[in-house]
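The same subunit A turns up in both complexes below, where it pairs with subunit B and then with subunit C.
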Partner chain A sequence: MAKSNEPIWWSLFSAGGMVAAMILPVLIIITGILVPFGLVDDDPLNFERIYTALSQSYLIKLILFIVITLPLFHWAHRFRFTLVDVGLKSVSTLISILCYGGAIAGTIIAAIIFLRI
Partner chain B sequence: MAETMKLEIFRYHPEKDNEPTFQTYEVPFLEDWVILDAINYIKDEIDGTLSYRWSCQMGVCGSCGMMINGVPKLSCAVFLKDYYPDKIRVEPLTGFPVERDLIFQMDDFMTKLTEIQPYIIRNKDEEKPLDEGEYLQTPAELARFKPYSMCINCMLCYAACPVYALDSTFIGPAAIALGQRYNMDSRDHGRDARQELIASHEGIWECTFVGECSAVCPKDVDPAAAIQRAKVSSTIDWFKDVLIPWGKKK
Partner chain C sequence: MGKKEMSTYHRPFPNTWWLKRKPYVLFMIRELTSVFVAGYCIFLLVFVYKLTQGADVYGNFIDALKSPSSVALHFIALAFVLYHTITWFNLTPKILVLYKGEERIPQGLVAGMFYAGWVVVSVIVALFVLGM
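What follows is the complex of A and B.
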């Protein structure tokens, strides 16, 4: 029985799940509720302000990069299994390529954008 | 007449019937009756042709699993009164071929069970002589695998597992939990031998962590947790193999 390469996808999936469960809700509260409803003053999401902060700190870039990319792999893995489970097992290789390929593409795009800032 | 209840039971005799049918029986309703009591009543008093498995009547032998209103349960552990006055639908555990009526074929599970090598495997050269006594374990070492050792092989977890239902090549919850039971035993050296199967695609990686296996398990074995733990340790193995290839174990 062939040794599976699943661990690489599963570990990215798990890490993404962790980020999605623990960090995304906080970000949703900040960017989706507190700021738009005006519950915090001094305009924290001001473009110039964020852009300057990003361009000055590799740490912030890294954190945002992780927050954006790992959930992509979480999605890819979940969606792949969902599609296979609804009966698309015969095209499972194609599904894997599209799902993980999408996540990898998203990761590369995110990396390029962050490197340009 | 005293109170009664209706049971709608799956009937199928593959050699004779073209397709399964449901037969409804009326049984006395008694507060202290479990569903298995009612089925035994049917067998003894109404219809001797009804076939099903049971033995201990106390939730330890694992042979009386059935779908009760679509949910896998031990029929000796669910009371009629929890359903009264509604009709109860009784079917064989799903996911397995039907042998006859409520009896399903267990061959697939039996094969998987042997493949997982659910017994203590020792390295030959590390066996100590008998007169040196037993291999002692601390309570903490015992606690690591004890819950997994409570499995009674009732297969409710397989009937509940949507992954197994779609693809029966999946090794499945109880077999993996039993593999873990021995992997986590301080006296065992067989992890590598089991790992080939456990770490294969048909092993743990087919599992999507639906968790229904643990929800229906009558013995709180928590096979879903066993599988997740096996995923973590197999992932660590995998990274070790890839990152330090020269560090490979024999």
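What follows is the complex of A and C.
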């Protein structure tokens, strides 16, 4: 049987899907509803508080890094097959490169940004 | 050379196949939730980037969360991401087959554990981020 990279991409897909399913809804509610409508006290996203939390804790930084980057691989894997399903099978290799490459690029950019904090 | 002659007949397959039946449309919506998942992650990345640019830049970014376009985008993203969460938890028990002794744990129970875990995680994240 030919060697395949599929298990790696599938693992990242499912790990990213789980992170997204568990954590993104509550974050969207916070940044999209609770904070803009002023439903929480004391401006919880103020600069001092968030900057301090991220710059003083490697654990918080690592968790946020994972929350941002793993779902990118979830997108890459799913969107790749979606594009193939709607008729782009002839350019499936290019699609794979663009999708996984995009997720990898996003991860590198995220690493650079996180190292600056 | 002969390859072309020998190839089997492929029934023409329209690229709009997924519009033909409701389950296909729902499948396509489920697949497209990933775009909103990635979109929100890029938003989070911009959030961290703004943080590295100092208090003023970051403050403007947080103020912009109140804009109607930001709120509208968040609502749309929330709808799609919730659809992702629900379909994900309903699908997981089909892949994650758990046994207790000889008996397979019912799929509904496995899904239920994920939903319960989701609620717990959401409450913890909310309390932590909002500093309550």
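Methods note: the second predicted complex is superposed on the first by the 115 of 117 C-alpha atoms of A that agree within 3 Å, B and C clash if a C-alpha of one lies under 4 Å from a C-alpha of the other, contacts with A are read in each partner's own complex, and residues count from 1 in each chain.
Rule of thumb we're sticking to: contacts are C-beta pairs under 8 Å (C-beta built on N, C-alpha and C of every residue); 3 or more make two chains touch, one makes a residue touch a chain.
Everything numeric in this text was worked out from a predicted model, so none of it was measured.
When both complexes are overlaid on chain A, the residue A:Phe114 reaches subunit C alone and has no touch with subunit B. Residue contacts after overlaying the shared chain place A:Val91 against neither subunit B nor subunit C. When the two complexes are overlaid on their common chain A, residue A:Ala21 makes contact with subunit C while staying clear of subunit B. Annotation for subunit A, partner touching more residues between subunit B and subunit C: C.
Within the superposed three-chain model, A:Glu6 lies in touch with subunit B and out of touch with subunit C [touch as defined at top].
The intersection of subunit A residues touching subunit B with those touching subunit C, taken from the two complexes, comprises 81, 85.
On the side of subunit A, the complex with subunit B involves touching residues 1-8, 10-11, 81, 85, 89. Within the complex formed with subunit A, the subunit C residues making contact are 13, 15, 18, 28, 31-32, 34-35, 37-38, 40-45, 47-49, 51-52, 55, 58-59, 62, 65-66, 70-71, 73-75, 77-78, 81-82, 84-85, 88-89, 92, 95, 117-118, 121-122, 125-126, 129-131. Every residue of subunit A that touches subunit C in the complex is listed here, in rising order: 14, 16-18, 20-36, 40, 42, 44-51, 54, 64, 67-69, 71-72, 74-75, 78-79, 81-82, 85-87, 106, 109-110, 113-114, 116-117. On subunit B, the positions that touch subunit A within their shared complex are 162-163, 166-167, 196-197, 199-203, 205, 208, 231, 234-235, 237-239.
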